[in-house]
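Labels for the chains are A, B and C, by order of writing; each one numbers its residues from 1.
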Amino acid sequence: MKRFLDLADFTREEILDLLALAQSLQDVPQPRALAGRNLGLLFFNPSLRTLASFQAGMARLGGSSFVITPGQGTWQLETRLNAVMNGGAAEHIREAIPVLASYCDALGVRAFAEGRNLDLDLGESLFRTIDALCDKPLVNLESAVNHPCQALADWRTLDETGVPNRGKFVLSWVYHPRPLPLAVPAATLHMAAMRGMEVVVLRPPGFALPPAIMEKARRAAAAAGGTVTETDDRTAALAGAHVLYAKEWGTTTYYGDVEADSRLRAELGHWCVRERWFDGAAPDAKLMHCLPVRRNVAVADEVLDGPRAVVKREAFNRLVVQMAVLHRMLA
Amino acid sequence: MKRFLDLADFTREEILDLLALAQSLQDVPQPRALAGRNLGLLFFNPSLRTLASFQAGMARLGGSSFVITPGQGTWQLETRLNAVMNGGAAEHIREAIPVLASYCDALGVRAFAEGRNLDLDLGESLFRTIDALCDKPLVNLESAVNHPCQALADWRTLDETGVPNRGKFVLSWVYHPRPLPLAVPAATLHMAAMRGMEVVVLRPPGFALPPAIMEKARRAAAAAGGTVTETDDRTAALAGAHVLYAKEWGTTTYYGDVEADSRLRAELGHWCVRERWFDGAAPDAKLMHCLPVRRNVAVADEVLDGPRAVVKREAFNRLVVQMAVLHRMLA
Amino acid sequence: MKRFLDLADFTREEILDLLALAQSLQDVPQPRALAGRNLGLLFFNPSLRTLASFQAGMARLGGSSFVITPGQGTWQLETRLNAVMNGGAAEHIREAIPVLASYCDALGVRAFAEGRNLDLDLGESLFRTIDALCDKPLVNLESAVNHPCQALADWRTLDETGVPNRGKFVLSWVYHPRPLPLAVPAATLHMAAMRGMEVVVLRPPGFALPPAIMEKARRAAAAAGGTVTETDDRTAALAGAHVLYAKEWGTTTYYGDVEADSRLRAELGHWCVRERWFDGAAPDAKLMHCLPVRRNVAVADEVLDGPRAVVKREAFNRLVVQMAVLHRMLA
C-alpha cells in the first residue's frame, strides 16, 4: 500500500482485510515488525490523537517517527503554486514535502481545508499537490474533505460495539462556536455507506452536505446494499437509530463566509446532543464523536458520561487501525 | 507501582529501595528493560529537564515516548468539571486523559497550580481528577503542590554529596520577579523531613508555607527522627547548615493576589543567595536548587559557579531516579 | 570525534574520510550501530531539515533523540554572561547546556547569529561559550557564522553531481525581504575553497563578505590548490560556472542596522536567480541552495523546477552526511 488517502480508494474487501489485520495486531503484537522504519509526520494543523497515536503506533511496531509543525519550531510553509514568496512563509511545499519524504519511509500529512472555496476544497487541491510531491508512502492525517484514519477507526468501533451492518446510522450536525471543516462528516458518511448501513444525515437548513459528498456516499451505499438520505427532522432521523454520530461543520450554503455562518448558527445552540434525543432510538443506541468535543456545547455531559458514549473507544481505535495501515505500508 | 504522585505515598523503605534501584541501573545499564514500552508525556506547563530526562530515560531503558503540549501543536484542554465549553478550550481532560492513556503504557502529566485558591491547590483538585481519569500507571511531573521526581532526585543528591541523614537542611525562600508555585518547596521539605534531617524553613514575612504543608512535613520528620521548624532569621537558620536549598514561591498570606504579592516582594530583592550567606554554615555546605534558576536574582553567580553548587548534579539525578520509577512501573 | 563545529577544524583527508563513511552507510546500512545512544537537540531557532534529518538519522542508526526548543514548550534561555536575570529568560545556558548534555550521549545546538555586532558574531562568542559548557560530543546545527553540516552535505552533492574538484563555484547573493545570517555563505565558501575549486563570490555593493571570512577561505583554497575571488559583475562571475550557489545574507557594511540594510536591498529585487543567469555558464551548470528558499524572490520557479536545481539532493545529503558524523562520534 503506497497511499492511504480515502476509504473510497479501497474495495469493501480491502477495508475488511485492514480491519482484520488491525485485530490480528491486537491479538498478537508484532513489536519488531517495523524495526528500522521511520515515519515523518507533518502537521499544518493542531492535533492530539493523531500525533500521539501515530507516534505510539510506530513505537509499538518497533519503528520510529519525527514531527514537523510549521509555525511551532518550523517556519510557515507556502502552498500556493507560483507564489511570489515575499510574505510570512519561508519555504514552499514543493521543496518541503520531497525533502521530508526523503528522510523517512512513509509520510503522514495533516492539512485542513482552506475553507474559502468549496470547489477547491472538494477537489482536495492541496492534498493532490502534496500527493504528487511525495514519492514515499503517504497517509492522510486529515485533508480538506477526508479523514480516512478516523473513518476506519469508526468502522472498527461499530463492529466492536455490535452495531449491525444494516443498522441505522445518523450523522447529526451539532453546534460549535465556529465553522469546522467537512473532513470528518464526509469521511464518516462514506464509511457508514460503504459498510452498508441505513444512513441519515440530520442537519439544520444551510448545513446540507455538498451534493458531491452526498452523491459519492450514495454510490458507496448502493454498492454495499445500504441507503443515504438527509433531513432536518430530528425525531424522524433518530427513530430506531443504532448510532448517533455527532459532528460540527460550517455552512455549505455560504461556504467560506464566516459572518453568514455566524448568523446561521446563532439560533442553533440547541443542537447540543442531550439524552432526550435518544427517546425514539434503539434501546442501546450509541453516541459517537471523533473528538475533540466541546462538552455542553456540542454534546452534553449527561450523554458523554453515560453508557451510550463510545467516543474514547473510537479514539483508541485510531491507534489500532493506524497500526494496520502502517504495517501494510511498511512491514 | 501504578502511581508516583507524592513521596508521602511511600514508606521510607520503599523510597530507599527506589534509590537503590536507581543506583543499580547506573551501575549496570538495562538498555532493553522497557523494550516495547511507551510513555505518554502531557505538559500543561513548560519544561526543560522533565521533558528531556523522561524522553532520554525511556530511550536508555529501550522504550519510547511521545509528547503532547496543549497550546503548542495541540489545542487547549478544559479542566473544569461541567464547563460549558464555548471558549478557547476545544477538548476536556475527561476525554483527553483517558484517550492518551489508552495509547501508552504509562502517562506523565505536568499541571502547575492554578494559583487562585489555596485550598483547591493544596487539595490537588486538578491532579486528583487526572488521577481518577487515568487507568494506566501515572507519574506526577509537577502538580499544584508536589514534585516527587524532583524530591527523589534531591534525596539522591544529598546521599551522593555526603550530607548526613541527620544534617541541617535549610529551605530558603529566594527572590523572583513573580510568584511561583509551592510544588517544589512542599516536595523538598517533605523529602528532607522524611530523610530524617533537621529541617528549617527560612522565609520572609508573608511567605510562610501553609500549615497543611508544614504539618505534613512535621509528621514525616517525627516518623523519621528529624525535625521541622521555620524562621525569618537567616543567620540563625544557616548556622551550621549542611545544605541551603534555595527556592522561589509566592505569598501564601495573600495567595493568588498578584498585586499584594508584588508589593510584598518589592523590598525582598536582597533575598538573592550570596557566598556570605554561608559564613556560619558547615564548611562544605551545599547550595541546592531545582532549576531553572535566575542568576543574580535568586542566586548569585559567585555561588552557582563555585564548589557549593550541586544544582547540575540534582538535575542529572532527575534522569537517574526517574529511570528507577519507570523501571518499577513498566519492567 | 568530540566536536563537529567547523569544516576548518578538519584536514581535507578527514573530510574525505567522513564522506566515504557517509557513502558506506548508504551502501550498507547499520541499523543497530547507535543502539542505546541518545542525541539531544537544542534549537534556539526554527528548523525543518535539521530537526527531521537528525531525528531520522539517529533512528536509522538505531539510536534515539529528544528535542528542546526554548520558547516552544521550554522557557527562554539567557546567554549573556553575568546577566541579572530579571527579564524574560528563566534559565541560563550555564545550567541548561551541562544539564542537557548530562542526559544524552551527544548534543546538537542551533544558535543563529545575534546580528548586532559583527566582531562578536565572527568570533562565535555564543557558540564558544556553549562549546565550553558541553562535556559531551557537540554538533553545530548552525551557529553565528558556520553551518558545517550544510557544508558537508554540499560537498557530497558536488561530488554526486559530477562537478569537477577544480570546477568554478559561484556563491551569489540573492534577494530576501530581510537580512539573513552569514552562516551558510561563510560555511559553503569555505567548503568550496577546501575542495580546491575556483570560487567566486558574487554580491552587490554593501554585501561583501567580511575580510575574516574571505581570508579564511583564501587560506583553505591555497592549501587545496584553488582560488577565491569576489565581484559584483554577474556576467563575469557566471562565465563558465559549474555551480551557482544562491544565498541570502544581510549587509556587512552596516551590519546589524536593519534600516540601512533595508535601504540597500530595496533596489536589489532583481537579484532573483532566473534561467538567463546561466547563459554563459557551463552547459549543465547546477543551482544549489541550502533551503528554505523563497520562490520567485530568491530563485525563480523556472530554475527550481528545472534540471539545474539540485536543492532537494542537497537536503537529502544532510541526512546522509550527518549519519556519518553521528557514527564517527558515537559508534
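Miscellaneous remarks
Everything that follows uses one rule, which is that contacts are C-beta pairs under 8 Å (C-beta built on N, C-alpha and C of every residue); 3 or more make two chains touch, one makes a residue touch a chain.
What you are looking at is a predicted structure, and each value in this text was computed from that prediction instead of being measured.
Seen as a C-alpha superposition, subunit A sits on subunit B after a turn of 120°, to the nearest 5. Residues touching across the subunit A and subunit C pair largely diverge in numbering: under half of the numbers involved belong to both copies. Here the spacing of subunit A and subunit C, counted between their Cα centres, is 40 Å.
Contact with two or more other chains is made by residues 64, 72 of subunit C. For subunit A in complex with subunit B, the residues that touch the partner chain are 29, 31, 43, 46-49, 51-53, 55-56, 59-60, 62, 64, 67, 69, 72, 177, 291-297, 301, 304-305, 311-312, 315-316, 319. Within the complex formed with subunit A, the residues of subunit B that make contact are 35-36, 38, 40, 64, 66, 68, 72-75, 78, 82-86, 90-92, 94-96, 98-100, 102-104.
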